[in-house]
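Read through the structures below before going on.
Next come two complexes built around chain A: one with chain B, the other with chain C.
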Partner chain A sequence: MFRYLLKRMLTSLLTLAIILTVVFILVRQMPIEGYFDNFDKLDDAVIQASLNRMGLRDPILVQLKDFFVRLFHGDLGTSARYSVGVPITSIIARKAPLSLQMGLISMAVSLILGLPLGAAMARSRSGFWDKFGTAFIVFVTAVPAAVYYIYIQSFGSSILGVSMLFSQNDWRTWILPILSMAMGNTAYYAMWLRRYMVDEMSKDYVRLATAKGVKSQEITMRHVFRNSFVPMIQYIPTSLLYTVSGSIYIESLYSIPGMGGLLVDVITRQDNPMVQALVMIYSCIGIVGMILGDLLMVVMDPRISLSRKESGR
Partner chain B sequence: MMKLRHSLKDSMAAPLEKAVEQLSREDFVEEAYSQEAAESIGFSSYSYWRSTFQCFRRNRLAMVLLMILFLLILFTLIQPFLPGQFPAGKIINHPVTQKQMSNIPPGFSNIQTRVEEGIKLHITTSWKDEQWAAVSNILSSLKAREDFTVIAYGDEWCQVEYKGQSGYVRNDFTTKLKLPEDPTQVPYPCRSNFSLKLFSSPQDLTRNGDELFVLLSALDISEDGQTATVRKGGADLRIYPDNRPFLFGTNNVGQDLWAQVWSGTRTSLLIGIVVAVLQSLLGILIGILWGYVRALDRLLTEVYNVIDNIPTTIVLILVSYILRPGISTLILAMVITGWVGMARFVRNQIVIIRDRDYNLASRCLGTSVWRIMFRNLLPYLVSVIMLRLALAVPGAIGNEVFITYIGLGLPVSIPSLGNLINEGRRLLSTSQSYQLVFPTVVLSLITISFYIIGNAFADAAEPKNHR
Partner chain C sequence: MPQTEPVLSVRNLQVSFRLRGEVLHAIRDVSLDLYEGETLAIVGESGSGKSVLTKTFMGLLDSNGWIDGGEILYQGQDLARFRTEKEWLKIRGRQIAMVLQDPMTSLNPLKSIGSQIEEAVRLHQGLRGRPAHDRAVECLADVGIQEPERRYRQYPHEFSGGMRQRVVIAIALACNPRILICDEPTTALDVTIQAQILRLIRSLVKKYHLTTVYITHDLGVVANVADRVAVMYAGDIVEIGTCREIFFDPRHPYTWALLCSLPQLGIKGEALYSIHGTPPSLFGEIHGDAFAPRNDHALRADFKERPPMFTISPTHSARTWLLDPRAPEIRKPEILERLKGEGLTHV
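This part shows the complex of A and B:
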């Protein structure tokens, strides 16, 4: 177990290094306007001088080395346009807690709504809940999120009688963004839980339990649900990741001062160092999410062991 | 030679032995011996594709949606060639005022009002062609604090005389006329604190003062060419000198939303279909190589790990950020992120079926690798491929909306559903919400249809579901 983790960490670090290199090289292809706050007013000599000072004229490998050295010292560089000269780490430290908070709450909401929906769908096959849930899932997966987010924002705020924009101190303005964020994952959890539960229900142990006279409700709750939940555990950290990417949308829609809105902001302002830093952070979340997902599976299901090699095909 | 007269199925229902006991000589017919019939080899009339389509046809919802989608795509293709269409992207100006005809609500006719026969209309001499005339029933405009004489009072309109012209002025909170309590006190010299308009009849046919247009054939024009009377049967006053309606209204720069929506649907469908096809082709090719050629497995798995670990939205954003915005950039960005999922799916399937006996036999008989890949393995994957192909289209359309929202999408000059939704988004809470509703309805129809059809086809393509 421990050795597996160590090995897994090392490969992840390697993957991360490759991703960072690729992103770094890609970002270097971006127009140089992105490094200056007032590009149009500067004359050529000044531009060249500051490019030199920032080390952008060095060979790409030297730049890469400098970048990694600085990264090891916890230095992501400074913002070029968004708020000039402020270290990126401090900007992120200010913004990240809110995003994380919303992401966690919305995930809790989607689990609370999605799991019972999925279980109800599996229990009432081709009954009301199954039809309702299928319609919901088709709607959420087929209609682009952009569209129904806009409608939720507009109609929701007029129904609740709250402002369309987010304000941290008014709890009522939290409802709509969290609900919108939870929509996609609710459908996702419901869909997969239904599928796994339907698969589980046809297994022998369920028939045995029925033969023994266990109540059907108890079978679903105690046996089927638990077994079907295990493969879903793996998705949960990855879903966290998806809430981050989903919140790119929602945060700028409700002007929530979080990380997702930040990415859109710095892209529209062409702030290259910030784009680079944020892309890196998102990739890190992805990799960590994968590892955590595998770990959670092992914790939940004693039958799964990561250190043993999978049987070869 | 004997043949069973009854079909076997009938007797299968009862236990077999009983059925055999009940057989008698009359159940059989005698037939002459023929060498050919005895040696003919029977074969199953099962055809994969026919069974697939039969199975698909049983799903009624999917069939209906398939029809709708087919008609919709056909319509978007022929729409520009239909008569009476405004070209997409054309800004429509009002012929008289030359202002953009912005935010006109949707309607089948765009007739502003209908006037009864006998109504006198004032012809605006600034605009006229062989068919149409610009008209209003405004006789003249009064500045604030000009004197006029009231002839008769009314709740909303007063009949007045002004510089020898007899006409009507509005009497409500917008004009705030100061009138005496006693209604019999006429004629009454009056003056308003606001500017007024003198109408030839007690109604404002022009609504907010813009000129309207009427067919010349419905009018009797006076000799001086200034006024006209509506002929028998009345006349329509149109907001635009044309029989073409703005079916979906116009947007805030005065473009016909109907033309914009269909042009946008064309763009979005083009992007969606091209992306789906390209990423499927790339995904299938790489997936088959990945699954079948063992030497490539390690390398491709590592590449997959790297790409899969970066969230797709980030790659989308990054590629569209670096490159110039345009259709090809969007397609490139989506193909780069999209092929990975397809490739992994195909690879997993291939790994499962590549060592089955029939493939082993094929290999032993010396079939080439390419032939095995495309003849033995690929047909197995049809259902999966069709499903992913169908889902890739709405996915690509959704991504286009997302990228446009972030501000990295197509320029506004190329209408796409993403662009239209992004523009309509700001107007949702106002009376112009139709500018969001129409594009979103078309978009949702397309994406939901593709989703349901794709799932239905994947079910139908699964041989287990064939009867």
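This part shows the complex of A and C:
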């Protein structure tokens, strides 16, 4: 177990280093015009001075070395263009908590709605809940999110009688964005849980449990639901962590001051330190999420063991 | 045996399934008595309805199947009239327990062996906590599993096929049933393991005075375990009798054909006997004797009218017109004379 984790950590660090190097080199291939709002009107000396200040004149390998050295000292640097001179950590510390909060709540909502819906669909195969759930899933997958987000915003705010825009201190304005965010995942969880449960229900161990006199409700809960949830649990840490990144569309729709769209924003404005920092954070989230997911699987499924190679699934 | 009262009595049972919009008659008018303490084997080829018949005893028919008519009498109740889960919960496990065919899939892979046995102990023996645990460990020891305390905590994937079948048997016993149904309990196992499992079931049946129904298509198994044998064909019992009667004095042409195809009767260098043709489709009505089209000895009456059950002895009856006084005398195939004990009593 410990050896496995150590190995995973090392390969993760390697992965991270490769990602950062590639991104670092890529952003430096951008035309230098992008670093200035009014490139045409500036004279050459100002431009050169600016580039020097941003450290873009050094040979790329030297820049890369400096970047990693600073990173090892825990210094993500300061924003170069987004809000000049402000430490990146403080920008993120300002924006991330709100996205994280909303993301976590919406995740909880989608689990609370999606899992019972999926279970009800599996139990009432081709009954009411199954038809209702299928309609919901088809709707959410087929209709572009942008369309129903707008409907939720305009109708929802008039029904609830709240402002269309988000305000952090009014809890009622949290409802609609969270609901919008939860829609996709609710459908997703319901669909997969139904699928896995239907699979499990036709298995022999369910028949044996019935034959030994277990109530069908208890079989659904104690045997089928649990076994069906295991393949889904692997992805939950990842999606949990990714809520930090926020939702571009929903955050702009309700003008929520979160992380959503931050990465796109800093890429278009060629704020290299910000791009690098955000890429690093998101990569870490992905990597840590996957490790956590695998560990959760080990906890939930006795057939999976980390210490022995041959006992994979 | 008929002098004692039957534990379970099936009267004119009919079961149908709806498959792709058509109705399939899986059980066509079956009557059967099960006596206290006996071991009854039900033999027949795949699709003859032997599994379906026993499933009706526990309300385990798939959702597209239903009982069309007849009764299943058990302790003064008609199981055929049970509709709700609540009624069945009084029967399942507690009165009738089942061992399924494939031990590799009949245990929940994510639950420990012990907890799966304990589930049955809690449900049917009213024990909780420590006593339930101890009882489950006892059950494991009972089915011949070494180090039961350690095995209790293990998971199904840590057990071999034969061991898992022992666990499945332990679960059935943990329910403390009166009747044990073994649905091809050895089909999915290695030949060497088969013999062990059969021996185990036989000793446990004796120890707990269980009434047992064995479903199998292996006549070797039948000779090994059964007191009585029922031969099923196309959803009907065509012949029923004691083990001796079925093997040494079979009367129905289908029983003859089944016995003829025993590999023990083959002559070296010659092809084994096999029954030509295919079983009839169970969609729609079957006229006469269902086996007639494949029967070399079929009489004209066999195609016209379903033969009644003719009684040969108090324990032996068969559903064939050959037993009618008007029928010409047709003797069983000569080859069956060679069935004199040899090669039958071992698996």
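The definition used in the following text is that the second predicted complex is superposed on the first by the 279 of 313 C-alpha atoms of A that agree within 3 Å, B and C clash if a C-alpha of one lies under 4 Å from a C-alpha of the other, contacts with A are read in each partner's own complex, and residues count from 1 in each chain.
The rule is simple: a contact is a pair of C-beta atoms (placed from the backbone, for glycine too) under 8 Å apart; a residue touches a chain by one contact, two chains touch by 3 or more.
These numbers were taken from a predicted model, which means no experiment stands behind them.
By the touch criterion defined above, A:147 lies against chain B but remains apart from chain C after alignment on the C-alpha atoms of chain A. Looking at the shared chain after the overlay, A:226 reaches chain C, while chain B stays out of its contact range. When both complexes are overlaid on chain A, the residue A:301 reaches chain C alone and has no touch with chain B.
Of the two partner chains, neither chain B nor chain C is touched by A:104.
With both structures placed on the common chain, the touch criterion links A:287 to chain B but leaves chain C unconnected.
Legend: residue contacts after superposition of the two complexes on their common chain; A:216 is shown touching chain C, with no touch to chain B.
Judged by the touch definition given at the top, the superposed model places A:165 against neither chain B nor chain C.
Once both structures are placed on chain A, no chain A residue is touched by chain B and, in the other complex, by chain C. The touching residues of chain C, counted against chain A in their complex, run 58, 60, 85, 89, 91-94, 97-98, 100, 102, 105-112, 119-120, 123-124, 155, 157, 168, 171-172, 174-175. Chain contact summary for the complex, chain A toward chain B: residues 11, 15-16, 18-19, 22-23, 26-27, 29-30, 138-139, 141-147, 150-151, 154, 158, 164, 241-242, 244-245, 248-249, 252, 263-264, 267-268, 275, 279, 282-283, 286-287, 290, 313. Within the complex formed with chain C, the chain A residues making contact are 203-205, 207-216, 223, 226-227, 230, 300-303. Touching chain A in their complex are the following residues of chain B: 305-306, 309-314, 317-318, 321-322, 351-352, 355, 394, 397-398, 401-402, 405-408, 418, 421, 425, 428-429, 436, 440, 443-444, 447-448, 450-452.
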